[in-house]
Amino acid sequence: MKLGIMVSEGPYQHQASDSAYNFTKAALEKGHEIFRVFFYHDGVNNATRLTVPPQDDRNVVNRWSELSKQYDLDLVVCIAAAQRRGLLDENEAKRNGKDANNIAEGFRISGLGQLIEAGIQAERLVVFGD
Amino acid sequence: MTLHTVNKSPFEANSLETCLRLARSGHSVLLFEDGVYAASKGTKFEAMLIKAMQNCKVHVLLPDFEARGMKTENLIAGVNTVDYAGFVDLVTESERVQSWL
Amino acid sequence: MEESGVIKKFLYVNRRAPYGSIYALESLEVVLIGAAFEQDVSLAFIDDGVYQLKKNQATDGIGMKNFSPTYNALGDYDISKIYVDKDSLEERGLTLDDLMNLTWEDENDNYAKKPSISLVNSEELAALMEQQDVVLSF
Amino acid sequence: MTLHTVNKSPFEANSLETCLRLARSGHSVLLFEDGVYAASKGTKFEAMLIKAMQNCKVHVLLPDFEARGMKTENLIAGVNTVDYAGFVDLVTESERVQSWL
Amino acid sequence: MEESGVIKKFLYVNRRAPYGSIYALESLEVVLIGAAFEQDVSLAFIDDGVYQLKKNQATDGIGMKNFSPTYNALGDYDISKIYVDKDSLEERGLTLDDLMNLTWEDENDNYAKKPSISLVNSEELAALMEQQDVVLSF
Amino acid sequence: MKLGIMVSEGPYQHQASDSAYNFTKAALEKGHEIFRVFFYHDGVNNATRLTVPPQDDRNVVNRWSELSKQYDLDLVVCIAAAQRRGLLDENEAKRNGKDANNIAEGFRISGLGQLIEAGIQAERLVVFGD
């Protein structure tokens, strides 16, 4: 079945991103298709490549990047939410006159329409948040 | 059939209460993250959950329950346990998922 | 406008008060963007979500943007199905008169202005939810 | 004297309830952010707040109350209003501040 | 160890369950760092905070680090005043036996192991809070 | 009077940072001393210079930077919380092999001891969070 996922909280502060990851991985391993994972609200903070979690803890960001690579997963970060919170890719940094960007591999920045499209295209949409 | 997911402790937030008010007969409720506390025996919400189970099927995400120091013997009788794969099955078997954040 | 060929029933569920957190505002942003997709959209306001529709919001004192006027624009986006949970409203000591007067224009009735908000009881709300294809929670 | 601050709606979270259970006679309670809803007339928590006011002084941050569409006429009688400068005074006049997050 | 000349009474108030959010873990990190400052430290566990001390936490299934063993180390940092709200514990159907057995060694009593956790009622907890100089809430 | 402030949530998602800012500003305008503002948990996200909030909204990060400049305010970001969440200064980026940093003007990264010190040195400590 074709599933869509929305993640509304950032890494570490709340379990939402962990739950979404564990759910997504289980769905993929069962052979389901994940149409898209959409990161909204503080969820956009899952997409920063600048995290340095403690050695003995999970790396939330890398886990998403690796899952994306393994399954060709579409990880979309909401542009409006990302701008508010300081999550930029190279283009966005340039466009907004910022001297750095921080997006991690496997994530792309796009509009809210991508969430609606996920709602339309996926057979089920699951929201993970606080 | 709707799958309702509740990730908040019933002690901390009103999500479970509203969920149970608006869930219809035959629906499923999945308790996960801090929501799993509602599935444990002996809390002041036990009666509320048992009453809800007359109409709804209640599931608990066992990994979250165990993380919080509880075992299946601490579960209210009749609560079904699932792992993440079982969570996925609940989603695909339902017509829609409603998250009570 | 985007063409997709599919029309699904989308329900946006709002259960948080405005300003204390951003969910109300960012939910509204999704609704406005989503309007271009011409889906069958409903909004539900439950629990503290009913406070989002409170009249007379005045945010000068907290230095945040008052986004409540945007709810008035929903009618222009053909979003006319706004359901407010009666129980939640009553627990808060509020009535329909305390909420903004949201309207839409019915093009099949000479563009008459009609109220967008419907008060619903638990049974009606539960029935409404069960008709949806997609439920987005904020 | 302790200043207790509550920033959560009493409908959504249990912070105010626990705060009032543990605040002592003569303490002050400041409602701000979503906590201000507890200060408005006619809610199901009105009686709880009025009872608390027999022992504690209750304040509301007016900018937060007004942001949420309410005016002083919507306040439960006896609740004091402060602005941010008044919030600062409450802090400096108290011996300690306890935030009920 | 840092020298400051001042000894203040610090109370750490924990009201959230572990794992669902990071407050429990990051509160513990403050307590451990703070121990080096030789202040007069107490910890209070109220509401869902009592769940932080639950025995038998096993996090393999959720892929998060089980940080509950760290509470056992508190005694080694001379943190021996751990107050658990009795009402909160009872509402949750728990007793002292469900919590980890946290201890400290009393150097004035031949390093005897003594329990760190005290169950307190509302009145005792309120009195304790009123003795504090600094209250940190998590 | 000498006050300390702790901020536990990031910009925009919760009102905590707004409330802390309004409180801090009011205290300074009344002539009180702010010993330190300590950013912990997701509060560290207040210190990113990469935010691009909508034109008609407040700029939470810049407001803190400007207040810091105006009053020589000590804005401290917890290093452990910052590493988990991807908030780095130039030194931290180098030390951790990261190719970018994102800290805003007026903030500095330091240890949790700075929070304890604020508790000791300040006459009142106020916590703003979710």
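Here are a few things to note about the model shown:
Labels A, B, C, D, E and F are assigned to the chains in the order they are written; within every chain, residues are numbered from 1.
Basically, a contact is a pair of C-beta atoms (placed from the backbone, for glycine too) under 8 Å apart; a residue touches a chain by one contact, two chains touch by 3 or more.
Predicted, not measured: the structure shown is a model, and the values here were computed from it.
Common neighbours of chain A and chain C (chains touching each): B, F. When chain pairs are compared by contacting C-beta pairs, A-F ranks highest. In terms of the distance between Cα centroids, chain E is separated most widely from C. Centre-to-centre spacing of chain C and chain E amounts to 43 Å, using the average Cα coordinate of each chain. The centroid of the Cα atoms in chain B and the matching centroid in chain C are 28 Å apart.
Here the CA centre of chain D is 26 Å from the CA centre of chain F.
For chain A, the set of residues that touch two or more other chains comprises 8, 12-13, 15, 22, 41, 57, 80, 125, 127, 129-130. Along chain C, residues 19-22, 47, 62, 64, 133-135, 137-138 each make contact with two or more other chains. With touch defined as above, residues shared between interfaces to two or more other chains in chain B number as follows: 7, 11-12, 14, 33-34, 63, 83, 96-97, 99, 101. Pairwise, the chains that touch each other are A-B, A-C, A-E, A-F, B-C, B-D, B-E, C-D, C-F, D-E, D-F, E-F. Residues 5, 7, 32-34, 63, 83-85, 87-89, 91-92, 94, 96-97, 99, 101 of chain D touch chain F in their complex.
Remark: chain A residues 1, 3, 8, 15-16, 19, 22-23, 25-27, 29-30, 32, 123-130 touch chain B in the complex.
Per the touch definition, chain B reaches chain C in the complex via residues 2, 14-15, 18, 21-24, 96-101.
On the chain F side of its complex with chain E, the touching residues are 6, 8, 40-41, 80-81, 111-113, 115-117, 119-120, 125, 127, 129. Of all residues in chain D, only 11-14 touch chain B in the complex they form.
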